[in-house]
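Input: one structure, supplied below.
Each chain gets a letter, A, B, C and D, in the order it is written, and its residues are counted from 1.
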Amino acid sequence: MKRYEVHPSNPAAPLQLASFEPAPLGDAQVAVAIKAVSLNYRDLLVTQNTYFGPIPDGRVPCSDGAGEVVAVGKSVKGLKPGDRVATLFFPDWQSGAPDGTAISGALGAESDGAFTERFISEERGLIKLPDSLSYAEAASLPCAAVTAWNALFEVGDLKPGQTVLLQGTGGVSIFGLQFAKAAGARVIITSSDDAKLARARKLGADHGINYKTNPAWEQEVLRLTEGLGVDVVLEVGGPGTLERSLMSVKIGGRIAYIGVLTGLAAQANPVMLIPKSASIHGIFVGSRAMFAAMLDAIAAHGIHPVVDREFPFAEAPAAFAHMRSGGHFGKIVIRVGS
Amino acid sequence: MKRYEVHPSNPAAPLQLASFEPAPLGDAQVAVAIKAVSLNYRDLLVTQNTYFGPIPDGRVPCSDGAGEVVAVGKSVKGLKPGDRVATLFFPDWQSGAPDGTAISGALGAESDGAFTERFISEERGLIKLPDSLSYAEAASLPCAAVTAWNALFEVGDLKPGQTVLLQGTGGVSIFGLQFAKAAGARVIITSSDDAKLARARKLGADHGINYKTNPAWEQEVLRLTEGLGVDVVLEVGGPGTLERSLMSVKIGGRIAYIGVLTGLAAQANPVMLIPKSASIHGIFVGSRAMFAAMLDAIAAHGIHPVVDREFPFAEAPAAFAHMRSGGHFGKIVIRVGS
Amino acid sequence: MKRYEVHPSNPAAPLQLASFEPAPLGDAQVAVAIKAVSLNYRDLLVTQNTYFGPIPDGRVPCSDGAGEVVAVGKSVKGLKPGDRVATLFFPDWQSGAPDGTAISGALGAESDGAFTERFISEERGLIKLPDSLSYAEAASLPCAAVTAWNALFEVGDLKPGQTVLLQGTGGVSIFGLQFAKAAGARVIITSSDDAKLARARKLGADHGINYKTNPAWEQEVLRLTEGLGVDVVLEVGGPGTLERSLMSVKIGGRIAYIGVLTGLAAQANPVMLIPKSASIHGIFVGSRAMFAAMLDAIAAHGIHPVVDREFPFAEAPAAFAHMRSGGHFGKIVIRVGS
Amino acid sequence: MKRYEVHPSNPAAPLQLASFEPAPLGDAQVAVAIKAVSLNYRDLLVTQNTYFGPIPDGRVPCSDGAGEVVAVGKSVKGLKPGDRVATLFFPDWQSGAPDGTAISGALGAESDGAFTERFISEERGLIKLPDSLSYAEAASLPCAAVTAWNALFEVGDLKPGQTVLLQGTGGVSIFGLQFAKAAGARVIITSSDDAKLARARKLGADHGINYKTNPAWEQEVLRLTEGLGVDVVLEVGGPGTLERSLMSVKIGGRIAYIGVLTGLAAQANPVMLIPKSASIHGIFVGSRAMFAAMLDAIAAHGIHPVVDREFPFAEAPAAFAHMRSGGHFGKIVIRVGS
């Protein structure tokens, strides 16, 4: 069988295709024939060993996979061969608030990920899929979509008629757009590209702001909200955009702090938190319970993840390069297997 | 000027038209030319003196009014003549959790209500209306719509993809239907009348259950939710339906306890609360902050309250009789003034 | 080895001592030499088959046990022989809100309980004990103490300076007293016995009310709270006391609905929920996360559970009879093993 | 009558004593003979015009005052001459979440403050005091104590057995210490002065860390919490200490962002928010409802604010200089009137 491995110690070939023999299945384990994975910005950081923890050579990357159950251990009760499943980013974060146990073992970093023809998992690390989603669509969900859900509904407590600010058109932002509209909220989205803004408006965005032609975009956000600011920001830029996000959020508003696109080392002045009684919440993906609630909404609303482009298994490096270029709209998917 | 007064001590004529001279306007007060009021079931109880507290003869009934500001006291800052406003059910419940001060002075019971050509209020007891609402529509909001909003979003914490159970097609339930759909939830509604169920489906209800032909309607609710039950119930029936609502709600679900249609003295067995970890929350209308959030959603979604029927000012008794008959779908409105 | 079994089909001998051979240990399982169990009112209901679900003959009773780990399966990571542990009431409710999976498998009802010399459990069904607790004390915790914790801090959201109402001096109420005082709250407790009230005051209760000599005890509660009512009620009586609890709770207050001492079939009139904006929350014990938070407080405050009386293993029927008599103050414990 | 005024345009004499004639009392207003004020760090910023908004010359400083009601307007219901009251920092933030209206009109910045012999206020801008507090003690509360209460119990959701990290021994930190101990929490406090740490331990602090001799104090915090970190941080330093606070907080923990002692322009790297799922909450004092809840706890626990030093009315500049020196422990109070 084939899988991809990362070799951070080898910058010339950080991503390598390898053959392997699957380990024998434990009593409580499930074997999945992965059909598709999707990429996240953190997968790039993993190949460069610039993610939160050190990555050993040989680690299988990617948190996000979807496939078909092909075998189950004898004590597995909730899954059977033929079931369609997706992976959980954190197999041990089932519900409630996170703790050290819950967020250990993240796929594709602390433990081997889904970029493999045969993925072995404890039963609790997989979730059943609704029929409405293809494998490529389902592979888009575990990291970016659960993150957007957590940001909007756990942390953001979004209600109909409120306003959400989204930054850019990457995976988290486009899921944020789809979920916020399903929840009856108003959406303002930024991009450097008018064509992408037009596409976002087709998906339901109420307002688009080109942050290249309008670098003081927070002023436009305030104008669009009668000077009040938005209720929730999905901050994917990181420190480089945080101060503008703080200007854009209303009194008592919430910033879901998700991304580090402007770098892990950048800094920001958070003083505006005080007069605004605002808050910033670190979002580290989410729990199985959030994933399940999100699947209910996806099924109820007929939501289909926006797949920017699908690459064949052999072209993984090209897919990673496409992620690095930042030119995508929605999710980048790689088919797995033949 | 004319207004209606209730005389609970006179069962033969509990509702009487009367002439009056408005009191002089205080510095912080606002005079409103009321254009429309709407009726709630509690207004019936008030005329019978069977509402929570004793009602003095001569009390002006109705919590729900909308009209035009005609004069303001010299220290009023936020309103001016010509502004279109609605009344607050509780003028002193501005935001946050209720306390004894907040819920004293309810219009049409503890203090004189809106069923008058000239309503005098402190500025904080009025809220500005969006242009999209007519006076008849706006007069539908202060009690029933704020109650439904409180139930779904403060107490119910409703998220897209969740399921709400609504009972009957009175004002609270129809607002509940409109708001729940705006929030991306699934709606199950009950009625004794298939025509009303059809009408509710046109407004977006996903499922209708005729509780006359299907008296064990909680079984149908469970069937429609794959045995799990609903996330939120808007309980308007009271003790007589509470046990079925407890059967209908999912583990961890919430029952917003709103109504007493089955009587103030009825009883229920709440034991199912325990194995379900469910909760019952008394809903006593809501605050100005909830009203404002609701108006944002109404404006953003272009929601129009469903007005069952409008009566002229002189035909108030007929309007009360129509409320008593229970035949309405949505809100009963009475025009005020000539 | 020995264990107790319930035989609900045999009312003459519903509790029987039996010999058994422990099953072989699975990879993820842990064997515990139970040293003590404690009784809860529900254990009585189980022997009478009047608890929520049907109980098969031969079921090992008791949710509450504490003992020493004697063997662990090869994939167990967090426990080792010699560790001191207690059982979880719900082995699968680890954290967050409950769902159907979390609350299946309750010990001593849906699955075999702790009243056995050798208890076999998945690792996640056990929790490590602080050194400060004896086995008898620790065996008091899994049901009653976690219930009280959930009621006060998850549902009740208790803050220092607030007031709690406790009913009677059974296990839940006495834990409620200890935890509420640790949290800086004021405690009012009821009992039919002045000696028990005096004992409760020694444990920190601020006020005691004898509900025999003062049957309208809610009036005394209102007097003690300047007419405002208490913030949180731990309702252990059930429908028979619920209406008085609703009179006793303040506007916006919360009733943790725990007990059914007045019967599973009794009824109550919940109408006062509405003008009070109060809520009733079914409490079904709690999660591992709540148990862990509670152990932190127990360790930090040097709290020792109040053990009413310890019975030897052979005298289990006498212990159950003592529970039935209602004469206890705190927890009834039975030593297990020789 | 006498009052102090700030003149930011005159750096040589930014604080000046002035005579004035009180304005006539409005119908809904209350006149208070102020007996004491307390200083906060923001009062220093106000005299320098480096606080959030511009300060006009002649503004009366100080948010924190306590005194005796000497006259009430004719529509005032809840206060009468002789009542002992304190000022609210935000007269219009009565309860619930803040909005633009609630946080306009802050005393001593947006509106005239309490540093005057005769303070005129709307009734809602004053709160009655328990008998247990002297005027000097009560004058300590409106800003620092309400801030600490908001941080610990609204934002921090503190429970018994949890751990709080406090920074320094200024007013907010010492109130945080007293309230956290009343709530049964464990307290770690930092200072540059071992004598102050010893004094904090006498007030109940469980651990003291001298950040001068132990500059990597976050390592000591982790050691004291078995590597887990604290539940809540009251961050008064600002950007200069925020990164260490982020290292000190547990997974899912909360940082109450209160202070700017390290400067309004400083920056921090918030990236650790993400892997910790932690949050930072701007704290802008709090509402009347928080003040009232705090007074309940103060009365129930017999808490007395720690007054560092009292200055006579004429020595206000010395009091401000003492605040600037940072040498205080608890609150600096100035007596008002003769």
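Just so it is clear, a residue touches a chain if its C-beta (ideal position, glycine included) is under 8 Å from a C-beta of that chain, and two chains touch if they have at least 3 such contacts.
Please read these numbers as outputs of a predicted model, since none were measured by experiment.
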{"item": "Turn needed to bring chain C onto chain D - CA fit, degrees, nearest 5", "value": "180"}
{"item": "Distance between chain centroids, defined by C-alpha means - chain A, chain B (Å)", "value": "41"}
{"item": "Residues of chain C whose C-beta touches two or more other chains", "value": "97, 99"}
{"item": "Topology of the chain contact graph, where touching chains are joined (line, ring, star, complete, other)", "value": "complete"}
{"item": "Chain A residues touching chain B - in the complex, by the definition given at the top", "value": "153, 157, 159-162, 179, 182-184, 186, 293-294, 296-301"}
{"item": "Chain A residues within the chain D interface of the complex", "value": "52, 97-100, 103, 155, 228, 238-239, 242, 251-252, 257-258, 260, 264-284"}
{"item": "Contacting residues of chain D [partner chain B, same complex]", "value": "26-28, 75, 94-97, 99, 102, 287, 289"}
